[in-house]
Structures are given as structure tokens and as C-alpha cells.
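Accompanying notes for the structure given below.
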Amino acid sequence: MYRWGMVIDLDRCTGCQACVVACRQENNVLFAGEDEAKLGRAKFWMNFISEVKGSYPDVRMHFFPIPCMQCDHPPCTKVCPVEATYKNPEGIVAHIYPRCIGVRMCISNCPYTVRYFNWHAPSWPDEYKRGRNPDVYKRRKGVTEKCNFCIQRIRKAKWNAKREKRKLHDGEVIPACAQTCPSEAITFGDLNDPKSRVLKLSKSRRAFRLLDDLGTEPKVYYLKEGEWDDG
Amino acid sequence: MKISRRNLLKMIGAATLGMALPDELLHALPKEGEWIPYEEHWSSGVCLQCPSGCGLRIRSVNRWPVKLEGIKDYPVNKGRLCPKGQAGLQVLYDPDRIRYPLRRKGDRGKEEWEKISWDEAIDQVTQRLNKLRQDGKSHQLLVLGGRYRGHMHDLMSRFMEAYGSPNHLGNPARGSEGILKGHLFTMGIKEFLSIHWEGVNYLLSFGASLLEASRSTMVNLRGYGLLRRGRPGIRGKLVQVEPRFSLTASKADQWIPIQPGTDGALALGIAHWIIKEKPYDQDFISRHTFGFDDWKDSNGNPRMGFKNLVLKEYSPGQVSFLTGIPEEKIIQLAKEFSSHKPSVAISGRGVGMQTNGAYSQMAIDSLNALVGSIDRQGGLLLQRKAPFQTWLPPLKDSIAEKGLSRPRIDGAGKLPFPFAQEVPYILPERIARGEPYPIDTLFLYYTNPLFSIPESEKLKTALEKIPFIVSFSPFMDETTTFADLVLPDGTYFERWQDDTPEPGPGLSMFGLRSPVLENPLYDVRETGNVLIEIAKGLGGNVAKSFPWKDMTEVLRESIRGVFKSKRGSIRTKDFDEFWKALIEGGGWWDGAYPYGEWRKKFDTPSGRFEFYSQIMEHGLRQLSKDGSKNLEAILKELKIEAKGDKAFLPHFEKPRLIGEEKDYPFQLIHYKWMATAEGRGANQPYLQETAAPHLQERWNSWIEIHPDTAQTLGIKDGDSVWIESKVGKVKTKARLFPGAHPKCIHIPYGQGHRAYGRWAKGRGINPNDLLVSDYDYLGGFLSHFSTRVKVYKA
Amino acid sequence: MDSEAIARKHEKILAPMTRAGRMFWATVIPLAAIFLWSVFAFGWQYRSGLGETGMGHPVSWAFYLVNFVFFIGISHAGALVSAVLRITRAGWGTPFGRAFDLGRSSRFYWVALHAQFKSPLLWDFTCIMTYFTVSVIFLYVLMVPDIGLLRERFPNRRWLYRPLSLGWTGTEKEWSTIGKAIGILCVAVIPIAVSVHTVVSWVFGMQTQPMWHSTIFAPYFVVGAIYSGIAAIIVVTLALRKVYHLEDYLKPYHFNNMGLLLLTFTLLWAYFTFAEHLTVGYSGGSAEQAVLWSKLTGKYALLFWIMAVLCFVIPFPILIFWRTLPGLLISSICIIVGMWIERYTIIIPSFIEPRLSYVRGDYMPSWVEWSMTAGLAAGFTLAFVIFSKLFPVISIWETEKEEREKESNPR
Amino acid sequence: MKKAILSLIVLVIISLFALVAYHRFPVRTKTAFFSVFPIFTWVSIDQPVLFNHILHTQNLNLNCNFCHRYAGQYRSAGLPNIEICKACHATDAMSKRPEALKVVRYVQKGKEIPWEKMYDLPKFVVFPHSIHVQNNIDCSVCHGLTPKKERPVKMVDRNYMAWCMDCHQKRGASNDCYACHSS
């Protein structure tokens, strides 16, 4: 059984947000438009958050891309009254749209705020409709949606592997964000595979997880920014 | 929806029913369209969202492209894409694309068009050009080009030569010419340089927006990853010298705030310490440079060298006074820079868009020469070109010869712009005044000067003076709205085009775009083909200069040279196979970069890196001979303060600012960030919705003010403010940003379109509306950072 | 005494049921208009999605939840406190109010179909449904003898009263059965009512949002509910007394007692609020601190301190020194408004300052939410007004019984 | 009176139960129904051309993949386009049956045959034909008698989640929601 995980190296991350756009293109996440975006209704399965601190000339800025953490103990799945969201056997926190009734408790109980709600029915301009990914279901209004590590890619890779009667090898399947990251900051892979790159990186000295003290056991690891020392 | 009584009733009904009925009954499921099997295929292309030219793998399902990815081995992007590249499909599917040729019906700029056929449109252009030629006014054809790629520039130049007009302005490096001029004066190189990221250990960046909008976005983004964690055990250092706390500064190991426009002085201060303490690369200096020590010219006169000038004038103390950087920091930088080799100094818009841009860049290039990091592992790479087959020269008849002998309309190459290849910024004035001659016909290819040139009102009146304007743009941008005839080009997914990344990864390479769709999405034609058709219609020698049927034939002829070289990534027996592999693979690239070819690449009179620029000296002396002005007078006309030998050596010239400090207390520093870097992405909603990293702003413009400054002005975060310069004023939102320079106002570039589709139009402000034209006359380019502004609450 | 005589005796209670004066229509028509407007607003929202509200990311719950908690508090506390007055019955609508908040409100019954017992929302659903059923039965059973009376009194409304009266004739056996039923229901309704509000608080308390994840949320919410409930009862009773001239039945000492009860809960509420904020302020983590300070001095300070003034600073001295009818009215209205704001300041600031401090958000209710809130309040009142036209607002047989007991053993 | 109330209560309970039953146990109610009335399991579809499956598969020995050419590799099995029909039915030489002549007419006009899609899964379901073919699931498991009939028929009792899940469980395939639900 696979156990998918992701490592994001903040020392490499350049804040370019290619992951954000790639994710939206891959998963048919419609842009919200200016007015809706102001209300915070823009959906970013892979979000980008930042914070500026300090004062001139000692300014510091921290930022990181934040996908769904795919927690091992997800707080969001417990609270769904209709079991529309659950942790699947491969560790991905799944959300099944047809079941969702839109109570949004999963959203309010996600400490990472990475679940998004369809406040309106997505209205694609006709021209863009041709460019949608046919592997991804078009969400309706009133359901929650979230990152799922590009399950359609994983699924397809598994079909291929099955055809050849083998297991997936490391790096064979990667989500759109990791695939596009220009500085190769995002690594994706199987945390159960002892030889995988993602497992090695997740055990790195620099590795940490967001809000680790909550006990959610995220499967998305971050690597701290390093320091340059003279010599 | 209108609220009529009927609807009201319906809604009340819906509300009551709503509790009881499942969604499906109220919103009948949309009927599924024609059911087609799920067919997926991958093709290759080259991105054109910025000049990087990344290789694209295009995933299509049922023939429609649905996702873009990078080509795995493509040297520029190695399988990766930046956000702009990822949003590329929104260029193809843009609902506001021009779908067929258009002819103006109403007044100019009113956007009233009628649809015409391609034959009719091309006929009209041909007839007009023919008449112009027969009247002996062929020089009155002006071509403004922007993002030419590959052979398109050569094709257009060829057309102009055969037709007989010297007025071809098509410089793709607009905005960073200062860097190019610096390279030209020191190394005789006309292209940008790139960094050998795999090897570099220490990167001193003078305002290069490496992670936002640099030249080659992808090479730099990828390179940053390599610098940081690409090599086990080595973590390179990045130092960012910049007045504003940019994204790059935030990711740098050290940010050094500097007084705007004084980068050259800092570079010389660092050079001072290196020269004084002698950790410089003596081998490189003695073998491959000129003008380091004092020297004697052919007449035996003693001349000043770089070493003496720097030691005399740029001690850290003096530099600290100029730049506002503490002395010990300058020494620390010098120490680190010279001891952590390979180290590289690079620059960006901040340097290249000042009135002292060329000299600053020379100083920065000199730093690289001091540590010998040019064309070496971990240093700067000089672009190698792909071995294309050259075409036979165009046939020129007497009309063409006569037309070409006329002076250029922009006066490039003459005083006051002796070293400029072209000066597009001066065009509005010249056209409006009809000087030296009026312009009859204007071609616009992938450029939008009404948006990208400051003081666009002037250009607007100038455009009124041109009787006939043809635009080849696929989008209804500002300048295209002023056209009389629109011959829409396809997007970069719909045409045949080669693409040499500039700057690329250094080694010789090129990419090839081929149409993704069988036919273009709409009734559009690629401009290359249209140009060939026009040439054929003109007949005579012009037609004979274009022996090709269409763009594919042009490309096949050029690329045959690459095939014949029998090297690089594709090696096949016959050309058709090569061609097929090229289309599938998306491009061709050479195996390895040949380091250390200084002699071959430095195109200077001495064949070396010149601290003392003989190119500049010879050029100016030539002018003084022609125009019977002495050198001193010429320097004065170029507004250069330095005298004698110093003028030809890297030195610091005070940046000129326009506007009195008491009226306009702030300097306007605009900047670019990834998503809206060039304003071209403004019609792509995915990019519009990308957050500005530091302020999480989307879809709009804003200005950045330092909180203390804002407090004295009584401006709060989110207030709407006026920004006023000598030439204009605009209103936008103010954001307090602790990383803003206290004496500057920062505006992101890229918004403020007055046309360009539904997502771009009427959104935010364009800093160009505020800029006052001033030039680096030596380099012949516009200075973007010399405008002073004032800010007040609206 | 036969029913006719009783009815004549309590003409004052029955009188409002027959007369529909100008005042009545002046009340009902605007209320109905507001209510219909909110129905329209809901239709609008249903059609184009929850996006018509001001909610977004990360504020995914807002006005509707505030209203839900607030109205459920009022109605349930009513049930706890008032056996005499039947104002609680208008609160039955609240469980449905929860459905407004669903993304796909037409599927609210899926909670029952695909139940997942781990979810606090399911408990919420279950408790409210149970409470709803029990309190309907309770109030209905209490009314059966009166309906029997009404059946005789208003022959032209027999179509309504006859089936509802279940053939009540008032025999000894019937009286003893109803007595037993009331006894059982009285005991049952209290824990259920407590549980309902406890579970509502658990919906918040079980989440990881800062300031919600608190152990005293359950009693805090119950106290808050009773607090606002009593205030609401006082306001309604005072209104009834005035409009329907029930001065004989609702005597000042009733109100004095209510005032004392309210005073107790003022202190209790203040104590809980203090405890809640003290523990967070003293020891809470950074996320909790952020929310706390946004309430105390930050963005929500104005609302928070208005709430403190309305819920404590104004009513407390009034209730101690000036427990007259106008005093009670003022303090009760203050408390009702204050408690609504309290719910607001509990729910919204936690969303604005989520645990991950990088996330930013803002919230401003839209016209739909305002309309729905107004509509809910109007509907609440309207239901009560209409109810008072169909059924006696004061239980006749209980009054009668009380009087008879008084007569049989005068003190 | 009492009777009226009782019957009301019974009615409410029955309708509630029916509602729950309809949503909760769709497959069981439906299979129960179809076990009593099996005739309704099969619905014949009026295709523009009444394709004779049995003739093509058994008499002519054509593989299913011949026409449904994506079944082995892709999600969709694919419906034949006229390019495929053209191989035999370019003229009426192969067959002069009325249905075959219809095909000839389509081919000659160069018009695609507007096939009706018979087995239509909701869009949120990912059903990869290739995987099922590779695992040797016979076409008839889902498509019933279609390949063995002279007329295109549809089996209506099969397109339910629980039916899929039963089959998955029996064969040891994954019953994770994400195995079939599209993201």
C-alpha cells in the first residue's frame, strides 16, 4: 500500500506560484474574478501565503505554498455529518463531491484553512471550456473541494503499473504542482517506500510540519530555510 | 437576472419547493454533448509568455490542448514551467481574441470594425505598399516590432531591405538596454549573458529581479534552486542590492538597501577593496583584459587605467557617502565576493533603466572581470548561436537602395544617441513633427507602444498623423484599436516558428513551435506567411527575395544548417527525419558549453575585455570627425559629467531626476513581479488572480509606501491616493509596505490597460502614465527611474 | 363548572382570539412582508448559491450560525422557564433555519440518510430533532384541555380544534392521563433542552479553531441561552400584557421574580464570560491570543465592548436598583441585542484569525443575510402573533386549577 | 377521528420509510423489483442503425476491439466512426440488409452515425474500460446480452454504486471511493 506524501523545500521555493497556476489548470479550478476574490472566494487548492515582518531596513518575509496537508489524523473528516470526506487507504484525505451537502464544518475545522467552498456554480467562459481537464469532475455549487494530490494522475499511473504488473516506482507519479516547480522545491512520493526521495527528505534535519502540536500528523513536510555561513 | 414579478413568484416558489426537492429536479442536468472517445496525445511547442522560450509538452484530449508541461531535457526549463507558462492555455482560448481580419469602420480608437476576408485585406496592404514604392517613398514604411522570435526578425528585416525602408524597429530587449550597452562597451557583446548556475557560489545581484521578472525567468528560477540545494554540501550565497525589499531580496541571504541609481558606485567601491587588497584574478586580468593598468596609446600619450581611477576615486568611504551603505558592509561584500569564487555580479532593470545605466553596467562587468568569472564554470556565460544556414542576401532594386539610404526616423546611431540601434521612445515626437519625413504606413508586430511607452498621449497624436496602420496582433490591445487594418496572427500554439532563447542557458540551441491544432482556432494567419504573401504581391525583386512558399519552408532552409552540423541532441541520416524529430522533441540543443572562448567572443578592438572602452572612444571620435564637434562637446551633449579618459572607463555618474524635490518629494520606482511582469499576462485570469507575494493583492494595482512616510502624509493602509508627476496623475490604492524605500514610491508594472480584452481592460494603473522621458544618451535608451512624484490622499 | 362558564370567566384570555383590530393588522402585515421578503432572499440564495452571502474564505460560517445559535437559545430557554406561556412554539422553526446554511439545502435530510456518528453536526441534528418532537408533544399535551374548551367556544373553527382536541371531554380518567403525561414530559424536556444547547456549543467546542476549543463552552452556551431566553420572555410577556390587557393574570410580582432570575443569570453570564477570556488571556497559545486581542482591542473591540455594556453594565444596576416594568423592559432588550452580538463575537473573530496566522480574511454580511435575519425575527414574531389568535396565550385550565387550589385552601 | 389520525401517522411513516429506502438501499429495492419483473431489466435502444452485434461478433468473428477500439487502452471503449464502417460498408457489396444499407448511406455522405450512448455513467465516475478488460472481466458482466443480441439492448439494473461495489468486493478490487469517483 502506498502512503503518499510531499516535501516542500522552503530554501528552494522562490515564491513564483507556478504550483498555484499549474494546480488550477490541472484540476479545473475556475478563477473567481476580482469581486469574488476580494471576498476570499478564490479557490487555490495549492495556496500561497505570506507574511512580512520588521521595518526598513530589517524586513523579513516568509512565504510558502500550502496544499492540503493530507493529515494522518485529519480533523476535517470526523466532523462531516454525511461522510463525504474521509481518509483513503493511501492516506489521501478524499472529498467525494456528490455526497457533500455543504455544511462547511470540514472547512471551519481545518486548522490549515485549505478547504474551499463553491459559493457559486462555476461559470466558465465557453472558450475556456475546451481547455478543461476531462479527468477531473466539474464541481457544482454548494460543495466543498480541496487538493487531493492530483488523484487522477495517481490513478492513471496505477493503471499503467497494473498493466505491467508492477508497483509504481519513485517519481513515476507526481502532482501538477511538483511537476512544474521551477526550482524543484516540491518532492512527491511514497512515504512507505524506504528508498523514496520524499521519505529521505522528510527525515531531514530541516524538516518540520505546520502546526505539528495539533497532532494532525500532516503528510506534507516543509524544509526550513537554511543559513549561509561564511566558510 | 431581472427581478420581475414573474421571477419573484418563481423564486418564492423555488424557495418553498427547494426544501423538498433534490437539486436535480430544479436544475436539470445539462445534456451531455456529443460523446467522443477519450483520446489523449502529447505534442511539443515553445512557450511565448516571456522571452525565455521554454520547451512545452502539450497534453491534448480529443485534440484540444488541456495542460502544459515542460520538455524534460530542454536546456532552458528542464521539464518545468513558471506560472506564466502554466497559464498559457488562457492565451489560446482567450474569448477576446481577434477571430478574423478587421477593417476600421468608424473613427480611430472607437473600436468599430467590419469583417473582411484575408484576400481582401492582403490586397489592400499590397496595393498601398506598391503605390508607396512607386512614388519613391518606400522609406515611409515603418515597422514597429516587439517580441520577434527566431527567424521572424530576420524575415521582417529582409522584407524591409527588399522593400527599401530603413525604419525597422524591433528590439526585443526593451527596458534593459543599459545592460546590453554595458556588455557592448566592455566586451563588444550584443546579447544578454546568463549565469552558470550549476557552478556559481556567490551571487552579487544589483537589483536583478531574479525570482520575479528577470531575463530568462526559467533559467533563473531553476538556477536559484540549484544555488540553494542543488549541490550537496554547498549552499551558495545570494546578496541582493536593491532599494526595495523585493521577493528576490526576501529570498536572498543578505539584502542591502541602496540609494536608487548608485549601483555603479557600489560596484566600484567593491572593486576598490579588491584592487587594493589584491585578491583579484591576475592571470585573467593580464591575459584577457585591456585598460586595467595605465597604458600608452599609439601616439605614446599616457592614458589612465581602471586601477588608478578606482583607487583614486572610489574608496569605501566615498562610496558609502554616495550609496548610503555603511563602509564595513562594502568591505564585507568585497571580501566575500573575492574569496568565494566562483562569484558573479549581475544586474537587472534597476541598473539598466537609469540615466547612468551603461556606466553602472560597465562597473558591474568590471567586477566580474576582476574575479575572472566570465565564460568560465560558475561564471557568466556568453550566448552561443545555433549553426543556422544563412539565407542569400535579398535582392535590392534601385528604389530599395534609394529608400535604404535615407536616414532612420528615430535617428539612432547619430547624436544624441550615438550607440543606439534604435530609439523607439523618440518616435512620437518625430512622427508628430514629420521629421525628417512623414510616415505613411505603420506595421505593428507583437508590440503595444501605447501601453509600453511613457507619455502615450503624445504617441496617440503621432498615430493620428499616420494615414495607414496595420496591426498583426492576435489581441485587441491599445495600439491595435488605433489600427486601420488588423491581420490577426495566431497565438504561439498555432504557428510555425523557431525560437532561440535569449538569454538561454548559454549553449547553442533553438526550439520549434508547430501548430498544436490542425487548423487555427479562428480565421487567423501567422504573420510570417502573410508577410511572404505581401512580398509576393509586390512582385519584382521583393517577390524574388522571398523564394519560399510559407514559413515552414523558411524554417526548413535555416534549420538545414543545424542538420548539416551533425552535432547536438538530434542526429539523423536525412533531413526529413531530423525535421520530424525536431517537431516531436520541440527543439535542438548542443551537447556541452565550450568554456573559455574569450578570444572568439570578445568583439572589441583589442579582442579582450576592455576596462577602458575603445568601442566607445572610437565611436565618439568617429562622430567628432564627422560632425566637427570636439570630444568634449559631444560628451557634454550626451550629458556626461566625466572628462578625459574617465569618460571611457567605468565610473559613477550621478543619476538625473526630473522634478523638484520640494514639489515632488518621492522617486517613482516601478517594479515587475511574476504574474503581470510585462503587462502581456493581464488578459489571463489565472495570472490576474495570482497573489502578489508580499501583499497578497490580486487583480489590481497599488502603490507601496513606507509606513513612516505614509504616516507623515496621513495615508492609511488601503486608502485611495493620487500619484502625480510632472506629466500626469493616477489614482490607486495605497498599501503600506515596510520593505518600501522611505524616499520612494513603488508601483508594480503590468496593469492599467485601456483595451486588451475583458480581463485586462480598465484594471489598475500603468506607471508609464507618470513617467517623464529622460535618456541615457550614451546608450540611447529611456531611463525609467528618473521621475519624481508626489502622493496625496484622494 | 362547565366549559361555557369557564370560558366566560376567562373572557380576557379568550378575547384576543376573536378580535382582530387595526393593531393586529398593523403588526401582521409588515411582519408578513418582511417574512416574505426573506423567503424571496432565500429563493435568491438557493438559486445562485451561498455566494450571495458575505461569507468567503476563511469565514465559512457567519450570520446564519449566529442566528441559529441565538434563536435556538431563546426558544429553548423559553421551554425551560415557561410552562405557562407558550412563546416557545415559535422557536420550532430553528432546526430548519440550519438548512439555510447548507450549500445544498435541498439535501438536508442526507444527514439522516448517510449519518456519520462521529460528527458533532449529527448529534446536533439528532438533538434538535428530538427536542423538536418532544417539545411539540409537550406543548400540545398541555393545550389539549384548552383546545377542548375552544372547540365548544368557537363553533366556526371546529375544523381546526376538533381533530386537535383528540375528543377531549374532561373526564376524570382523561385528567389523570394527561397529568401523568405532563409529569413525564416535564422531566424529559429539561435534559433534552439542556442537551440541545450543549450540543450546539460542542459543534464549536470540538473544533480546532482558536477560542472555540474550550471546555466551558457547553455550560457557557446553556447559561447564555437561558439568559437571552428569560429576557425574551420578559419582553414578550410585557408586550402581551400591554396589548391584550392581561394585567390581571400577569402581576408585577411575576415580573419581580423574573427580574431576580435575570439578575442571577446576568451574574452567571458575566462570570462565565470572564472565566472564558481569562483562561485564554492568561495561558493561551499564540493563535488564541490573536483572537482574544482582536476582540479586546482589535477589529472586534467595538462590538465586544458594546456587548459587555449591553449584557452587563446596563442591566446589572437596573436589575438591582430599579426592578420595575420599564426597567425590566430596557434591560431585557439590551440583553437580547447584547446576546446576539455575543454570538457574533464568538463565531466571527475565530474565523478571521485562524490558527495558521498567515491566512487573512474579512467578513461583511450581505443583503441576503440581513434579510434572512430580519425575516427570521419577523417570522418568529409573526408565528407567535398568529398563534395567539388561534390558541390562548395563557393556559386557561392551569389558571383555573391554580385558582381552585387557592380557593380550597386559602392561606 | 382516531382512525384518521392513525392513518395519517401510518402514511407519514410509510412515506418516510419509502424516502429512506429509496436513498439508502437503492440497489436492493431495485434488484428486488427486477427479480420479480426481469423483463424490465432489458431495454432496447433505438439506435440510428440497429447494429447486429451477434452477426459481427460470431458470424464474422470480429473482436469487440475492432469497433470499440479504445476498450483496451483508454477509459472509454469508443463508438465506431464511419472510418471503421467504411472498411466493409463502403458499398453495398458486403451486405444488402436494410440496416447495412443505412450504414452505406452514412459512409457515402461522409456523415458520422449519431450513435446513442446506452451505458451512461454519471460524470463523476471514472470507469476505465482498459483496466476491466485487462483483468479479464467479460463485457457481458456489465453489458449483459448486448454482444449476443441482434438489437442493441441496455441492462438497466446495473448502473448503481452498490452493484459496482459488490462486484469490486467479490473480485478483491479496491472499494476506496477514489477508485471510481473522479476528483
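For clarity, chains are labelled A, B, C and D in written order, and residue numbers in each chain start from 1.
As a working rule, contacts are C-beta pairs under 8 Å (C-beta built on N, C-alpha and C of every residue); 3 or more make two chains touch, one makes a residue touch a chain.
Here the structure is a predicted model, which means the values were calculated and not measured.
C-beta contact counts were set side by side for C-D and A-B; A-B has more. Of all chains, the one whose CA centroid is most distant from that of subunit D is B. Centroid to centroid, with C-alpha atoms defining each point, subunit B and subunit C lie 66 Å apart. A separation of 57 Å divides the Cα centre of subunit B from that of subunit D. Between subunit C and subunit D the centroid-to-centroid distance comes to 54 Å (mean Cα coordinates, whole Å). Between the CA-based centres of subunit A and subunit B the separation comes to 34 Å, rounded to the whole angstrom. Counting only residues that touch two or more partner chains, subunit D has 123. Multi-chain contact residues, meaning those touching two or more other chains, occur in subunit C at positions 104-105, 107-108, 110, 113.
Of all residues in subunit A, those touching 2 or more other chains are 42, 49-50, 63, 140, listed in ascending order.
Those residues of subunit A whose C-beta lies close enough to touch subunit C in the complex are 36, 39-43, 49-51, 62-63, 66, 75, 78-84, 99-105, 107-109, 111-113, 116-121, 140-144, 210-211, 214.
Subunit C makes touch with subunit A in their complex at residues 48-51, 53-61, 101-105, 107-108, 110-111, 113-116, 118-122, 125, 203, 206-209, 351, 354-359, 361-362. Contacts from subunit C toward subunit D in the complex involve residues 109-110, 112-113, 162-163, 166-167. Listing the residues of subunit D that touch subunit A in their complex gives 122-124, 126, 128, 130-131, 134, 174, 176-179, 181-183.
On the subunit A side of its complex with subunit D, the touching residues are 27, 86, 88-90, 92, 94, 96-98, 135-138, 148, 150-152, 155, 159, 162-163.
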